[in-house]
Structure formats: structure tokens, C-alpha cells
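Each of the two complexes below includes subunit A, the first together with subunit B, the second together with subunit C.
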Partner chain A sequence: MTDVTLQDVRKEFDGVVAVKNIDLQIPDGAFVTVVGPSGCGKSTTLRLIAGLEQATEGTIQMGNQEVTGVEPKDRDVSMVFQNYALYPHMTARRNITFGMKSAGDFSDEEIDRQVEEATAVLDIDDLLDRKPGELSGGERQRVALGRALVRDPEVFLMDEPLSNLDAKLRIKMRAELAKLHSEFETTTIYVTHDQTEAMTLGDRVVVMNDGRIQQVDSPQRLYDYPETRFVAEFIGDPAMNMLSVDISRDGTEYEAVGPTFRIPLPEADGLETAAGAQALLGIRPESLSVADSADRSSFPAEVTVTEPLGDSLLLECRTGDQEFKLHAEPRTAVEPGDRVALTVETERLHLFDPQTGEAIYHAAAAQSPEVTSTVDSTI
Partner chain B sequence: MPTTEDNMLGSLLTALTAAAERSRSAGRTTSERIRRFETEQLTLHVLAATVVFLIVLPVLIAALVSTKRAGIVTSIGDLVPGGHALSNYRRALIGLEFWRFMLNSFVMSVAVVVGKLIVSLLAALVIVYYRFPYKNAVFLFILFTLLLPVPVRFVPLYRLTTELGMGNTFFAITVPYLASATTVFILRQHFLSIPASLVETAKVDGVGPLRFLWSVLIPMSRAVLVGVSVIMFVYTWNQYLWPLVIINAESLQVAQVGLNLLRGQASTGEVAWSMVMTGSILTLLPPLALLVLFRRQLLETFTIQQK
Partner chain C sequence: MSTREVFTDHLQAGVLLLPTMVVSLVFLYYPTVRAVGLSFYRASLAQGDVFVGLDNYRRLATSSEYLQSVLISVLFATCVVVGVMAVALCVSFLIHEITVGKGVYLVAVIWPYALPPAVAGLVFLFIAHPNIGIFTSYIEALGVDVNWFSHGPQAFVVVLIAAVWKQVGYNVIFMTAALGNVPESLTETAELDGVSRTQRLLRVYVPIISPTLVFLVIMNTIYGFFGTFPMVDLMTKGGPAGATNILIYDLYRTAFQFYEFGFASAKSVVLFIAVGLLMYGQFRLSDRYAYYGG
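And then the complex of A and B:
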């Protein structure tokens, strides 16, 4: 176990910048997930930590040691790949022990003991004499995890390890990974493009886009206090709705004004500076609901698509020329083309700068003012 | 009521007749299609058989002639198998000591195959898995040597070999063949098809390059290695000109050149073509055996080359 620190790390490939001067601190024993769309630099960041790529600029530290430029084998890390990377001609046991035996850092008894321990935890004891071709996807991934576990590394690096599994198995393995981490408490860095995986597994989630870190936070804070429009729209499914509004001020009352609606904004930091300017109003689909009757705080919209999900009814609506989605109560009697009145949970509103995309206001901060002070880009 | 019933019966009948008609006509087209398919297949098979026969014909004639006493063919009637097969083969192999040439060829071919494999495996390993400046240029240069086959290099090679004191030795017919652009190319293509994550896992786990080559790459390339080995063996086995030029001692000479010596033996008296054909068939056997034994791996290797 050790902590990992990236300082001003930059990686270029033939003039293309994959990672743009990022800073990241990963504390000892943490489970950190790195999430972002394809090509955002998340895998490159992981490979830089593994030593499979060398940073163009910046430094990487593990514990008190600087490891920039150090060979992967001398960093004491284990890596699990999306395609499992098992040697097809070796049995599961040989796959697990091959690296350990080659490195020569372990005695035979030690290897046997570690293998026994790891395979018992992963429940693969009776698969050890089979070759990867005779194992299912889930079993292969367990063997790959076993290979990473037995070396008892300082840091686990996982590059989309569950992406090749079917949905059901993925959920099962996700729970097992969480259990493994709570058991071994090894510092783990987990790259994924799946926000659900990132949110459910990580103590801390790093959101990356376009080679930059957008935000590092706990899953719930990431959802409740997105620092940029990108994070707001990337985390959560369906994505947060963005409506163009003007911010009007009347004494101490603020309102987000659109062509067809006026939504009151609870007072919190950032409103004063936003007043009188244009902004993007961020509303999560579950913060909107269909009102029984129109009143002062509701606004009219037209339903364009209905998608019954079972536990809720997903509605696509239009107001003026702006489109958005919302989760309505299941079995709500609405059809496409219906006009409905919508109300907003005003404590869950966000405002973003239309140019820079940075968050300027979170309504929820009104209830818990202390949180804004702890938001920073490191963990 | 009866009218409605009649109507219903009538329409039912029409529908049934129409359905029967449809199925009959459908049956006709299906059987027609099958017949056309059969004709196509038959034509194809006849064509293929003819081509194969034409290719094998010279070998067949050689095999027939090797069973005769004199072996001069002037009419179709001369192509009836003779009864001298056993004595001919015994005379060629033991009496005229053709086994010695074959042994030399065999040792030469095995040495070249093993040497080539070692050199090419290491070269492909470096080209695929190491980062060094001008890597692609180096690989292109290796491919460029394909434009300079051994016969083109005869004169400088001859001088080099003799000046090194290797003329007329076993080294002279093996060392010049050890570097092989073809093999490097085939192995490179194969290594590139192995997922990069395998080598990366090895790197993270601290598996050294030679151990990776020995324990991962070679076992994963078994079929391809067998395939290229067969190709290299046949290529080396069929070498004629270079051994003829560089080897003077008859005891070191290879089978392809030895064939010529068989004819020399024969020409002292009556031209015994049967002896030459016997030698030819003998020379043909080892490569043929390899091709038959390893045809699956060979096909696999050729598909890699196409990638």
C-alpha cells in the first residue's frame, strides 16, 4: 500500500497531447476510479502510473519515491487489462504464478501460499488446471485478478477490467471487486468509461475529459456539486438538462427566466455575480415532476416522447424551443402531445457559465454552506 | 345457404389448386437449381483434377522410369512400370552412395532451419517489442534484402567465404543462408497479432525479454514456426548453384548436385536415365513427407503472410 502523486504530468504522442498537465493525489489504500469518454486520456494516465508509457513532462511519485522513468517491474504495481491478457497456452495456475516466478522475488513456498490464499478468495481453486480457452469470461477475469493479487503489490491498476463481461456478470464482479478492496485495502486505480462502475466502486471519482481532470470528488458530491457542465452532463443517466436562462434579481429574490418559465432560485453563493447575465440552468431529470395543477411555481411543457422504465416514466418534453427529460411517477397518464404543468425541486438547481461551462451556483449549497469550502481539485 | 356453401367450397378448391401449383413450380425450380449446382461442381472438379494431373505428370513419369532398367522413353508403351525398382533404388542409395549426398543435404537443411529460426526470432522480437530510433527503416532495410537473393551475391559471397577460409566447408553452405527476411517478416506479422496487453503484463510482472520469448512467444507461435520451418527446409534442400560453386569435395556435396553426379556415372556407358530418375524421386521424398505431415501449419502460415 502506498499513495500515488502525479504532478504536472503531460504526455504527448507524436505531437498529439493525450494528457495535459494533470495533478492528482491518490491517498494510501484508496479506491479511485477514473472515468471519462473514449480518448479523454484516462487509460494513458493509468499507463503512465504503470510505467508502460513515460511522461513527456512532470513527475510521478509512489510513497516517498519518485518513479518517473522507472521500469514497470520496479514500481511494484499489478495491472489488470480489459482483455484479461492471460497467456492462452498456460493453465490458470501457471498464468497466476508465471510473473512471480520470473521476477524471482518469491520463494516457492511463498508462491504456493499466496496462490492458495488468492484463489480461495476469488473462488477459482478448482479451475487452476484449465487453460483460458476452457474458462468463461467471468472466470478468466477472476484468474487475471488472481494474478494481480498474488504479487501483493503496492498499487492495483485496472484498465476497464469488466468491460468485456455481460451486464449481469459485470454487476456481480463489481460487488466482488468492492469486497476484495475492503479486504486487502490496497491502493487501487480503476479506469472505466462506465459512470455507474465509477460511482459504485470509487471512494473518489476522477472525471477526465480532453486530457484534463475535470473534477475529483466522492461519488455523491460529484453528482450533487458538479464543478463543470461536462461533469454535470457526464455523471447521471439521463444527463442533467441544460436550459438557457437569464438571471433576474428583485431585491433579495432571484429567478431563472426562460421564454416560458420563471423558476425561483434559493439564495446561495454565486447568485449575485450571475444576476443580470445569461446562464445555463442545470436540472436533473428527477428534480422535475408533473404537477397536479398549474400554479405560480409551475411551468407548461409539451410531452414529445414517453418511455416507461417500470420504476419511473421517462418523459421527453419541450418548452419553447428547449428540450429536456424528466423522471415522472410510473403510470402517470400522459401521452406524447399532451401539455403538462411541471414543478421543480428548487434545492437541486445548478447554474453554469454558458461560455466556460464552469459551475457558478449550486442551490443545494444553501442548505449546507460548509461544503463549498472543501471542494478542491485534489483528494 | 347451399349457395354460400358452394361458394366456400369453390374458393377453397381454387386456393388449394393454386397452392399445389405453387409448390409444384417451386419444386421444379429447386431441383433445377440442384442440377445446375451439380453441373458446376462437376466441371470444377474435372478442371481441378486435370490441373493436378498435369502438375504431377512429370513426377509420375519420373517414378515410372525409376522402375525400369534403361529408362529411355520413346512411346506410350515405355510407360508401363518395370520390375527394377528395388535394384535401382538400392544401386543409387548404396552402390553409388547417394545416401551420403542426402545426409549432407539433410544436415545442411536442419542447420539452416535452426539457425534461421534463432536469428529471425530474435530479430522479430526486437522489431516488434523494442523501441529504438528508425525502427521502421531498419525493418524496411531487412525487407530490402529480399531483392538480393543468394545468386546475386555470388561473387562477393564467394570471395568473402574463401577469404575467411570457409570455402569447401560445411559453414560455406549454411552460414550465408542464416539471415532470412521472409522469416523475420512472417514472425513479425504473427507477433503483431498477439495482443499488446500480454507483453505489457509481462513487463509489469518483471518477465525478462528472453523468458518472454521462450515461455510466451514461442509456444504461442508454434504453428507458424512449424510452417516457416517447412518452407525453409524445402528451400534449403533445393539449393543447387551455391553448393555447386563453393563445395569441391564430393564427400561434402548435397543431393541436388549429387543428382548431376549420378548422370555422370551413367554417361560412362549407356545413358541410364532410370538412375537419374531414381535419384530425383529420392530427393523429392523428404520435402514431400514434410509437406504432407505439416500441411495444416503451412496453410496457417500462408494466411499470416497475406495479412
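And then the complex of A and C:
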């Protein structure tokens, strides 16, 4: 176990910048997930930590040691790949032990003991004599995990390890990964494009876009206090709605004013600077609901599409020329074309700068972040 | 694969197959049958054919010159297969490993294969000529007296090197392609696990590309027995004292220098059966050892 620190790390491939000078601190024993859309540089970041790619600029430290330029094998990291990367001609046992035996750092007894331990945890004792071709996707991934485990590395690196599994298996393996981590407490860096995986697995979630780190936070804080419009829209499904509004001020009262609505904004940091300017009002689909009757904070909208999800009814609505989605109560009697009054949970509103995309205001910021979270904010 | 009726009408299919069938019949099957038939005759241009039964084969079995040729051929083909594949595997691995200038190295390795065999033979003849060869003086500087025009074992080695040099390119094409198909993540896993380069080549790459290697063993065997004819012909003419008199060259001389067509046919039948059996054996072995996935 060790901590990992990236300092001003930049990676270029033939003039294309994949990672743009990122700083990241991963504490000892943490489970950090890195999430972002395809091509955001998350896999490259992981490969830089593994040593499979060399940073163009910047330094990477593990523990107190700088590892920039150190060979992958000398970094004491294990990696699990999306396609499992099992040697197809070797049995599961041989796959697990091959690296250890080749490296020559372990005695045979030690290897046997480690294999026994790892395979028992992963429940693959019965599969050891089979070749990868005779194993299912989930079993292969377990063997690949076993191979990573037996080496007892300082850091686990996982590159979308569950992406090739079907939905059900993925959820099961997700829980197992979480269990494994709580058992071994090895520093783990887990790259995924799936925000659910990122949120459920990570103590800390790193959101990346376009080669930059957008935000590093605990899953809940990421959801509640997105620092940029990108994070707000990337985390949460369906994405946070963004409505163009003007911020008007009347004494100490602030309102977000759109063509068809006026939504009161609870007092919190950032409102004063936002007043009088344009902004993007961020509302999560679950913060909106269909009102029984119109009142001061409600506004009219037209339902364009209804999607019954069972536990809720997803409505696509339009007000003026702005479209947005909301989760309504299931079995709400609305049809496409209906006009409804909507109310907003004003404690859960966000404002973003339309130009830079940076968050300028969170309605819930009244509850100070330092109080709601004990997360070390260095990461 | 299930049979599928592509053509509704057999005539149409037949017409399309006809050219291939005619060529195969006239230039492959007919000569084969004719050669087998001819091997039971004493055939010469002057006196016509006389049926002699198994006489030609009896002569073969008792000819010490022919038995020496068999030994030379087997030794030569074995050395060609092993030599070509060992060199090609090393070269392919190096080309696979480097990131800069892959194409240049690939072309450099492949060009001898692109030369017509006769040209390659001539080029090598001059490169290694005992008196005027450009390599000769360097080799002599090492204390070897280069005189392969009269020294049997030296001649064998020189022809062998030429044969290997010519065939390496062909093997490298296939091997680099096969190595290119090995998933990158396997290489990376091996790197992370601290598997050494040699281990990676021998324990990971070779088993995975084994189907390609089996194919190459068979192609190189055919090359070793048949394809090396032009080099022998141009460089040593089977000599000195039969040291490079491989079966295919021996056969050529019997037929086209001594005009003993019946005897030559018997030799070709023996060679055909021997190489056929060898190939069958190689296929059987490969089924057991090559990794074909699954």
C-alpha cells in the first residue's frame, strides 16, 4: 500500500495532448475511481501511473519515491484490463502464477500460499485447471483479478475491468470489488466511463474531461456540489437540466428569471456576484415535480414525452424554447401534450457561468461543505 | 460449413471451373500419373521405353550415391527449417519490439525474398566467392580458409546460409503479422509482471503464434527440399563430391543431364512420398501442440 501523487503531469501523443497538466493525490489505501467520457485521458492517466506510458512533463510519486521513468515492473503495481489480458494458452492457475514465477521474487511455497488465498477469496478454486477459452466472462475477470491479487502490489490499477460483462454480472462483480478492497485495503485506481460504477465504488471520484481533471470529491459531494457544468451534467442520469436564466435581485430576495418562470433562489454564497447577469440554472430531474395547483414558485410547462420507468415517470417537458427532464411520481396521469404546473425543490438549485461553465452558486451551500463531509479536501 | 447452392445450374458452375481444372489436369495430375508410370520403365529419348518393373527402385535402394543424397537432403532441409525459423523469429521479435523505423527494417529483411531465386543465388555466389567475394576477406581474417569450391562441408554451409538468407524474409512477413495480432494488453501484463523479454517471446508469443509457426515449418520444409534447387545449381552444382547434392538436384541431373527419365521418375516418386509423409507427420504433431484458440 502506498499513496500516489501526480504533479503537473502532461502526456502528448504526436502533438495531441491526452493529459493536460493534471495534479492528483491519491491517499494510501483509497479506492479512487476516474470517470469521464471516451477520450478524456482517464486511461492514459492510469497507464502513466502503471508506467506503460511515459509522461511528457511532470512527475509521478509513489510513497516517497519518484517513479517517473521507472520501468513498469519496478513500480510494484498490478493492472486489470478490460479484455482481461489472460494468456489464452495457459490454464487459469498458470495465468495467475506466470508473472510471479517469471519475476523470480517469490518462492514456490509463497506462490502456492498466495494462489490458495486469492482463489479462495475469488471463489475460483475449481476453475484453476481450465484455460480462458473454457471460462465465462465473469470467471475470466476473476482469474485476472486473482493474478493481480497474488502479487500483493502496492497499487491496483483497473482499466474498465467490468465493461465487457453483462449488466447483471457487472453489478455482482462491482459489489465483489468493493468487498475485496475493504478486505485488502490496497490503494486502488479504477478507470471507468460508467458513472454508476464510479460513484458506487469510489471513496473519491475523479471526473475528467478533455485531458483535465474537472473535480475530485466524494461521490455525494460530486453530486450535490458539482464545480463545473460538465460535472453537473456528467454525474446523474438523466443529466442535470440546464436552463438559461437572468438573475434578478429585489433587496435580499433573488430570483432566476426565464421567459416563462420565476424561481426564487435561497440565499447563499455567489448570488451577489451573479445578480444582474445571465446564468445557467441547473436543476436535477428529481428536484422537479408536478404540482397539484399552481403557486408562486411553480411554473407552467408542456409535456412532450412520457417514459414510465416503473419506480418513477420520466417526463420530457418544454417551457418556452427550453427543454428539460424530470422524474414525476409513478402513475401520474399525464400524456404528451398536457400542460402541467411544476414546482422546484429550491434547496437543490445550482447556477453556472454560461461562458466558463464554472459553478457560481449552490442553493444547498448554506450547509457548509466542511460540515457535511469529512473528506480530506486535498484530493 | 454448410453447402450452399450458389449456381442454380451445374453447367454454369462447370464452365467457371473448367480453366482451373484444365490447368490442374494438364500440368499437375497428368505429369504426376505419368511420372509414376514412367518409374517402371527404362525410358530414354533414343531407344524408347522398356518396361522394367521395380528395377529402378531396386537400383535406388542399392545406390550409395543416392543414399548419400538422401542424407544430405534431410540434413540440409532440417538445417534450413531450423535456421530460417530461428533467425526469422529473432528478427521478427526485434522488429516487433522497436517503435521507430519498423518499415525500414522490414523492407531490409524482406528484399532477399523478393529477388528471383536465380538472382539471389548469383548475388550470394559473388558475395561469398572464394577469390573475389566481398565477405571472403573478412571471414578469412577470422582464420578460416575459404575454399568452398573444393571443400564439401564449407560448400554445404555456404549454400545453407544462402538458402536461409533467401527464405528469412518470407517467414518474417508471417511472423511479424502474427506477432502484431497478439493483444497489446498481454504484452503489457507481462511487462507489469516483470516477465523478461526472452520469457515473453518463448512463453507468451511463441505459443500464441504457434499456428503460424506450424504453417511456416511446412512451407520451409517444402522449400528446403525443393525450393533450394536454384542455389545449388548456381553455386555448387551439387558438389564438391556430392556434398550439396540434394535430392531435387540429383533428380534434375538424372533426368536432364543423363536423360534417364525412368530412373528420375522413380526418384521423384520417392521424394514425393517422403515429403508427403513428413508433412502428414508435421500436421499430426501440430494438432497436438499448436494452440488454435479455444
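Definition applied: the second predicted complex is superposed on the first by the 367 of 379 C-alpha atoms of A that agree within 3 Å, B and C clash if a C-alpha of one lies under 4 Å from a C-alpha of the other, contacts with A are read in each partner's own complex, and residues count from 1 in each chain.
As a convention for this text, a contact is a pair of C-beta atoms (placed from the backbone, for glycine too) under 8 Å apart; a residue touches a chain by one contact, two chains touch by 3 or more.
Given the structure is predicted, the values throughout are model-derived calculations rather than measurements.
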| Should the pairing of subunit B and subunit C on subunit A count as a clash or a fit in the superposition? | clash
| query | Is A:H89 touching the first partner subunit B, the second partner subunit C, both, or neither of them? | reply | both
| Given the touch rule stated above, what does A:V70 touch, subunit B (first), subunit C (second), both, or neither? | neither
| request: Based on the superposed arrangement, let me know which partner A:G133 touches: subunit B (first), subunit C (second), both, or neither? | output: second
| said: After the superposition on A, what does A:L314 contact: first (subunit B), second (subunit C), both or neither? | reply: neither
| message | Between subunit B and subunit C, whom does A:A275 touch in the aligned arrangement: first, second, both, or neither? | response | neither
| remark: subunit B and subunit C footprints on subunit A meet at residues 50-52, 71-74, 77-79, 81, 83, 85, 87-89, 98-100, 102-103, 105, 147, 151
| query | For subunit C, which residues are in contact with subunit A within the complex? | reply | 183, 185-186, 188-196, 199, 203-204, 207-208, 210, 291, 293-294
| remark: subunit A contacts subunit C in the complex at 50-52, 71-74, 77-79, 81, 83, 85, 87-89, 98-100, 102-103, 105, 131, 133-134, 147, 151
| Of all residues in subunit A, which touch subunit B in the complex? | 50-52, 71-74, 77-79, 81-83, 85, 87-89, 98-100, 102-103, 105, 147, 151
| request: Sort out for me which residues of subunit B touch subunit A in the complex. | output: 195, 197-198, 200-208, 211, 215-216, 219-220
